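One chain, chain A, appears in both complexes that follow, with chain B as partner in the first and chain C in the second.
Up next is the complex of A and B:
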């Protein structure tokens, strides 16, 4: 694949993101074109999200970025625990979870206005990360969206193709 | 002593004269909010900075952009004609000479205005219809 048209902007964003200055957010991996990122999010001191839990967010930059918003969803990330010294021991594969939140579906799709109609090119990968982190941080309900079961049955692969209704400003 | 000049080379620098950077503290590098490249650089599609890749000054708000960048945004229906930075309706200061691209920009902005007005009118009509129903029931 060729370079993204806004490669210079992506490069700047990548440089600041890879310096890991956002507490609780870590860049796990990215491709050469800087269009696919995986971030690890940790929520500290929270009743619903234990400190040891790590959540993984996939961010795909579309060809029309930054005029078009990226495709963002939580993913189940498998990390192999290779701390063991004994190489013969069975590898422990740890699976991450999709955080429970009234606006996050169990397939990882997120209902957030910033990822839809309220996106502007002035927003960035960093602003997405921060709003999702704060969305989790301010949550006090251990529940999925009310239409979770029906949504995940028919949800498109790309969350951007879902038409979310933004009605709840409380969480 | 007599000095004879054999050869000389001249240099010049330039930068866009933007209202916000015209303070006494000197030149501050400002970035386009869309492509995050300096105004004195180009939008991602252009090669040479300057008149070929001009800057548009916001008049409703104080935000400026590369003309090509803001055009890209306003071409999107989802932009609703709003400034990416402050979400106010985007209008621009018209320079003395108007180029084809600026006319294009103006058409886009006007298009968004028409869409907004149509949307508002639709709302009012619904409201009136609702009001009329109410009257009927009241009577």
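Up next is the complex of A and C:
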């Protein structure tokens, strides 16, 4: 893999992401070229998303970034949990969940206007993370999108190839 | 149909691998055809393509339409509206402001006027124009700049900002605009949530500077007609409205606009699913004179109705090449009929599928060969029942192949004709230039106008001929079908005669090509008229007979 044409920008974003501590957001892993990231998101004090639940977000920077927005989706991440206070030496492997939200499909695809028509080159990875976190924070409906079943059957692997209709701005 | 100098040839080539929908045809058009025999300003009698504002063209079946290309459309439709507002009612607004307002309002100048006088500020806000402050867009060269988007440090670069003052480097703006153009809508400042719209002129300036510095290009966008934003907007508009259809010819940026109530005419067409009334097929042309069907967006396919065309193309995609190959190279297993290709020498065959063992020569059970080895060497008069059954299915395939081959042959011949005619065109042009250099003017545009007319007649004649084979394939048997075949034969002969004259002109044995053209002037003129009249006779006859129920399409086929 060669360097991304906008490596400098990615480097800068990476630096600020690893320095600044966004509450509830943790960078779990990234590759050398800074084009694939996995973030952990935690929602505090919310009655739908328990405090112990961690959600994992994968962000792939496309070749045309920043003109083109990154590919973003929730993933099921298997982690060896070291937070549990059990002193047993048995490792507990935990599978993360896809958060339930009227704009998040059960395959992890997110219907968010920032990831589509509202993206501009001045947006950043940080702005994506913040807006997804706030999307979860302000949610009060424990439900999947109405077309979830039909969508996940035919959904392309890359959520960017789906054409979402941004119908509802309230949630 | 307009009859002007820009001559058309376009050929269609069958693409077997394509899906049925829309793209079953590839077209390619001669790149130079629109300047054929253009003898510069000296002969002012060269007819010019004129787009009339009031008079619509009438298609082959009485369809009212305007032929356009993108440039003409921008010039005549969009910029005319701009002029009207700029020089009449809204003189207070700048061109940039007016263009943005028109684009936002879908080029409805009345709506712009209404909204403007209703609530100017509201309109300005909706259009992303500054309210209460003057437009302060800047494009300037500055030193030691670090762009927030690309994070590059420039020792010197152009930067652009709108009234909001959000500044980014020109390269970022260039790639951002190029990317956003695909949407066809107004493009706003890069800053998220900043709604200021980038004006047309600024897009031109940004593109010019980037092209010059980064790509070493010298081409600049000279006129409004070439403005990338206007072109993208126009294309998006043509795509989204039903009264516009792109010309299906390759690389043609022409399109047609249907006049009158589009919903009525388009719906009446699609509702009449298996109509035999071919007088309703809406044949239109684009600005390059390519004839096409507005309904199904294929080339002019008269005398076939659209649904027959679709059926035929589907059939050709399914069958043609594969069927050809299977027919020529395989034989069905005598027991299960699966196609078998013989790739070895031995004639003792075992079907992979049903394990039936047979002889490749007589297609009999191999067991019969045991005692009397190769009994199939003896001639037997009566054909096997099995063979007869096979023959019936073969017959239907053969029937199809008969029509398909002719259809395909004419399709290829159209390409061949095109090549010959392009050569003739080059020769004639060189000859005319020679004459002009020598100061002689004994040959004018009018004298050779018969040539493009004849070429057009040949192309259109072949095209019609090609489609008559599709027509004939689906035609039910009747006496009138025989008459149709007779007319088809006449057209066939005349088209071949005309094609032959062109070939003779370009023949290697013929040194004086231009002389030959002039010598054959009467012949070419007569033949092209004959082709046209026979073509019309064939189509009109088919239409009348279909109407009266004397011809019908056989649904079994």
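As a convention for this text, the second predicted complex is superposed on the first by the 159 of 171 C-alpha atoms of A that agree within 3 Å, B and C clash if a C-alpha of one lies under 4 Å from a C-alpha of the other, contacts with A are read in each partner's own complex, and residues count from 1 in each chain.
The definition used in the following text is that contacts are C-beta pairs under 8 Å (C-beta built on N, C-alpha and C of every residue); 3 or more make two chains touch, one makes a residue touch a chain.
Keep in mind that what you see is a predicted model, and the values were worked out from it rather than measured.
**Student:** Putting chain B and chain C on the same copy of chain A, do they fit or clash?
**Tutor:** clash
**Student:** Does the superposition put A:127 against chain B (first), chain C (second), both, or neither?
**Tutor:** second
**Student:** Please indicate which partner A:66 is in contact with in the superposed arrangement: first for chain B, second for chain C, both, or neither.
**Tutor:** Both partners, chain B and chain C.
**Student:** Indicate the residue numbers of chain A shared between its chain B interface and its chain C interface, in ascending order.
**Tutor:** 6, 8-9, 12, 66-68, 117, 120-122
**Student:** Provide the residue numbers of chain A that touch chain B in the complex, in ascending order.
**Tutor:** These residues of chain A touch chain B: 5-9, 12-13, 66-68, 117, 119-122.
**Student:** Tell me, which parts of chain A touch chain C in their complex?
**Tutor:** Listed in rising order, the residues of chain A that touch chain C are 6, 8-9, 11-12, 64, 66-68, 114, 117-118, 120-123, 127.
**Student:** Could you pull out which chain C residues touch chain A in their complex?
**Tutor:** Residue list for chain C touching chain A: 148-152, 166, 168, 172, 175-176, 178-179, 183, 188, 190-192.
**Student:** Once bound in the complex, which stretches of chain B touch chain A?
**Tutor:** Per the touch definition, chain B meets chain A at residues 33-37, 44-45, 69, 72-73, 75-76, 78-79, 82, 84-85, 87.
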